[in-house]
Amino acid sequence: MRFFSDNAAPACPAVMASLVEANAQDTAYDGDAWSKRLDGAFSDLFGTDVTVIWVPTGTAANALALAAMVPPHGALLCHREAHIQVDECGAPEFYTHGAKLLLIDGEGGKLTPDAIEATAAAIRDDVHQVQPHAISITNATEAGRAYSPTEVAAIGEVAKRRNLALHMDGARFANAVAHVGCTPAEVTWRAGVDALSFGFVKNGGMSAEALVFFRPDLAAATRYRRKRAGHLQSKGRYLAAQLLAMLENDVWLANARAANAGAALIAAAAGDRLVEPVEANEVFCRLTAEEAATLRAKGFDFYDWGPGQARFVTAWDQGEAAVRPLADAIAGL
Amino acid sequence: MRFFSDNAAPACPAVMASLVEANAQDTAYDGDAWSKRLDGAFSDLFGTDVTVIWVPTGTAANALALAAMVPPHGALLCHREAHIQVDECGAPEFYTHGAKLLLIDGEGGKLTPDAIEATAAAIRDDVHQVQPHAISITNATEAGRAYSPTEVAAIGEVAKRRNLALHMDGARFANAVAHVGCTPAEVTWRAGVDALSFGFVKNGGMSAEALVFFRPDLAAATRYRRKRAGHLQSKGRYLAAQLLAMLENDVWLANARAANAGAALIAAAAGDRLVEPVEANEVFCRLTAEEAATLRAKGFDFYDWGPGQARFVTAWDQGEAAVRPLADAIAGL
Amino acid sequence: MRFFSDNAAPACPAVMASLVEANAQDTAYDGDAWSKRLDGAFSDLFGTDVTVIWVPTGTAANALALAAMVPPHGALLCHREAHIQVDECGAPEFYTHGAKLLLIDGEGGKLTPDAIEATAAAIRDDVHQVQPHAISITNATEAGRAYSPTEVAAIGEVAKRRNLALHMDGARFANAVAHVGCTPAEVTWRAGVDALSFGFVKNGGMSAEALVFFRPDLAAATRYRRKRAGHLQSKGRYLAAQLLAMLENDVWLANARAANAGAALIAAAAGDRLVEPVEANEVFCRLTAEEAATLRAKGFDFYDWGPGQARFVTAWDQGEAAVRPLADAIAGL
Amino acid sequence: MRFFSDNAAPACPAVMASLVEANAQDTAYDGDAWSKRLDGAFSDLFGTDVTVIWVPTGTAANALALAAMVPPHGALLCHREAHIQVDECGAPEFYTHGAKLLLIDGEGGKLTPDAIEATAAAIRDDVHQVQPHAISITNATEAGRAYSPTEVAAIGEVAKRRNLALHMDGARFANAVAHVGCTPAEVTWRAGVDALSFGFVKNGGMSAEALVFFRPDLAAATRYRRKRAGHLQSKGRYLAAQLLAMLENDVWLANARAANAGAALIAAAAGDRLVEPVEANEVFCRLTAEEAATLRAKGFDFYDWGPGQARFVTAWDQGEAAVRPLADAIAGL
């Protein structure tokens, strides 16, 4: 059984059904009936007027959001381990035309207001240094941690005070919200977030993510950037349909809860081995090379995560039942 | 009935079936079993070793191909009406980091060796002018015309002599090949083409195009550029599956033939109205405003194409039978 | 004697003296006493508050101006023969990160309001096409023609109506103003120009051009772009000093008048040979290959300008006296 | 007396004389007689065939060098405090079109082979991470330290082993060479350096730096990039003349020795206050706020360098005699 990544999971039934439903002639690009329903559906979910743009990947969502916030000669502040810094082959630099990512340390993959302040304050206000224009945080973080609304709001305060835009990379936003138990609004726009990369693919989608702008002014030029980047799919209705299908009946939340439950079971089995509290669907734990080999011999696949550590990720279809054998195997080490 | 664009058509049954088939856990990105079969399947089709990269749009395919051929300080030669110039919101400039498109006129959307030579010869060989590094042609052209292998080979000769790479935008490559009756090889690498944007979406696909490199050296850095552009979908198997499904049993060719047959029927009905010979699945014809209104009143939708002209595009599911009513209506004007 | 280009001329005495005068310790970059006097001196000249930024080349001035006006996904309108299109190796594309130059034909290197309107009106207002954000005109033009204030104002009207910024490439601005006999204000900001690349190097300077912003909002980010492009020279005072020296006592105007007078003398000698009216310091005239050879045999150097034509350019130190021998030689052909 | 920066110093007599000497008509851009002598003069100095390109600033030299080494989707390794990272407003990102700077710590502003290896080894060899293509070191470093040829050669070994290009930012190269007492060759190409930004402006020049390529293949496209960036000055002979004047009679070395001697005198006076060994023309030392105020009251200007520290920089015209009063004042604190 594979616990490499939630990227490896199949698409969920609601998504597959939506593709069939959308499979008729309709207007090209985002002029179709499905795409036109997006703003409304997400505005309902967030309890405020939002502008939503579908894109096929989280990298595209992140890079487009940042390009709307940071000029080429500017900078953005993010965690040293942020996906945008470490795992996107320089997509933010590509889309922003060379803005700089200024890296900040922080426990559990989180930024704190103090750390942001310290970094921003050290930048000379002259033309020799790139000036910060935005903050990007990841929720759930690269360490599988979830921000509380209060934590985000504190960062939102810094952003406001320093006139910085605030972006949230929510590749696993659903898992974070499911864990914290807050509303999507509380941990985003109510806390000062200006744009959210709302991930669906890892959570049971096939090929659609939602870039949600809480500030519509950021969306206008983004439509040009999306086309210019080759992301305006001509049959966009299939992307919109996926997103709508996952909003309906809160499939997005149910899927995330299932994945989280699987992770929680592994976490319980891991006990003292845990490197980080498990607050989403990722489990980071200590594992010797021998122990790792033992698990693999039993058919469990996962990533080594630095020396003596491993990462297990559960997906929407790897809830408690599917994960039980792995949990037992870990407990039995 | 809508004849706006083949982009408006649904996905064909083989493609829909492939998505279901691919809907299981597999390795993320392009490490899955489906993606790994791509090079082989396309190499078989072209009768030579090719490297294939899936992308979701023709714009992405074109821009990635050109970025592999032209440095930021260089130029490429293309038709004045080329899609890359007119309809991609500057995607080639984005991906090449600002290379210049030098525009050439030509009947039927085609470039000729002489026109290319004349343009290239007029460029001073000094650092003040951008130097050409590539030629891009569209097949079928923006005017719905198909290149013969001989015509492409003549351009390939110029490209070789001037040390220019040769790209073919094949958004409607299948329709062109179906019309000409040549093999895919004859009109591409055997004629000097280095990279082909092989379109599937307009031809019955959902969200996958194939960027085919006949020179593997061009593909290496492209993999980084694809990731950097946010086009490396994490569940890439769904794209690969679509392409494989359309190669199998020559679905791509059958679909194109059906669309072409529909267009031929319209063309026959249009007679003297034709502005261009119909060599693919697009029909450009003269139509007064009144005539256009008459057709629309009967439920036919299509684009006005400049004053007194209209464009009808047929799709894989708009073969002779589906198109008959439109043909009759045009004949009856 | 060389009539290739005013670029070949030496620096004038006032400029040489200014370098000596500025050759003392002062604050680096543009914090020095000379640089600080620039805004005032140019505001006096133009009779309005301007912001001035020194740069070493016209290409840098043009590209920085355009980058302040056009986003990467936008376009600018300019003449097909404009220096920014033909002779700057893609600098506008580099600084704007890939904006597109949309080319317009026009007699004498000039744009007309109608031609601009026609080009702008043909652009579809959707995300597939790059949208125009600016117009750039050259004064004196690439054909050595000078715009009248009325002509520029008519273009300024179009710009205003279409919400386009208006840039003037004034590599030979002094020559144009000297010819027309207007004030610098009349043909720039009073006519709707937002930024001017005010050339000094061809006109007797050594290494300093003035980028003049009539809209200060365009200047703010330009300071960052200038540094980012490596154009913020650490000993900037030598550039500022050159500009100030040429403003003082209207050296810039005297130099331009001298060069224009030289050109006028050649023009008079050329008579019917003239291809363009001579309205600055460039003379384009018909010359057979034999005639060209005859002149060269007498020691006169110049550019062939297409088949059967030649270009003679006079500089600040090539006034009537210096040019007499050439005029006589042409008259004697 | 000002000890802010060697950027504040005037141009030295040899440079001023060279401008007068070059002040005659000549071919534009770099077609003039002075520019043509550059390759030869620098090849003599380095004892190997080099290609030299003049530019007006160190930022331009650095950014052009790096653009020749690193593709947009790549990365370069440099010190966390490197000028290219901290003080150039993102020029490397601009010229490379968004390559990433991966930062390494190191004492005295120096990189070590081990630190480079550790950073490079941590990068996954996949398309999700930017791959390193070059190393950039600064000599003298931002902390005023000079590399020995042995130290550079050790880095050159890593570069070679990992197929990375090696760039040296030599804004104060002359001071470093003067201190170490090696030949320019020993600490550059003989040690594996591929390109050197050889600084002249801080060392008594006015507006010319030399970008020296020890690998001519790196220079070819750089000529286009220089033009495209607006750095190909039309009267380039004045830049070439400055460089030639400073090579002749080893003015560059004499100037650097004078500045170094001034710094050494301050260093001797500073004694235990020194934060870094003084190996060029910069002195970093501990100074309380009161002590700093005392010095400033006596007319000495300098930068605070973090809390409780100050930086004094000497220039070519601030040798022992000029610096004596400051040294005495420091000794008397």
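Chains: A, B, C and D, in written order; residue numbering restarts at 1 for each.
Following the convention adopted for this analysis, a contact is a pair of C-beta atoms (placed from the backbone, for glycine too) under 8 Å apart; a residue touches a chain by one contact, two chains touch by 3 or more.
In this text the structure is predicted, and so the values were computed from the model without any measurement.
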Shortest contact path, subunit A to subunit D, counted in steps: 1
Most remote chain, CA-based centroid, reference being subunit D: B
Whole-Å separation of chain centres (CA-atom averages), subunit A against subunit B: 34
Where subunit B and subunit D are represented by their mean Cα positions, the distance between them in whole Å: 50
Two or more partner chains touched - positions in subunit D: 72-73, 88-90, 94, 97, 127-128, 224, 227-228, 232
Contact footprint of subunit B on subunit D as seen in their complex: 71-73, 97, 127-128, 131, 221, 223-228, 232
Complex contact set, residues of subunit C against subunit D: 2, 4-5, 7-11, 16, 19-20, 23-29, 55-64, 88-91, 94-95, 201-202, 206-207, 224, 227-235, 238-239, 315
Interface residues, subunit A side, partner subunit D - complex: 72-73, 75, 86-90, 93-94, 96-101, 127-130
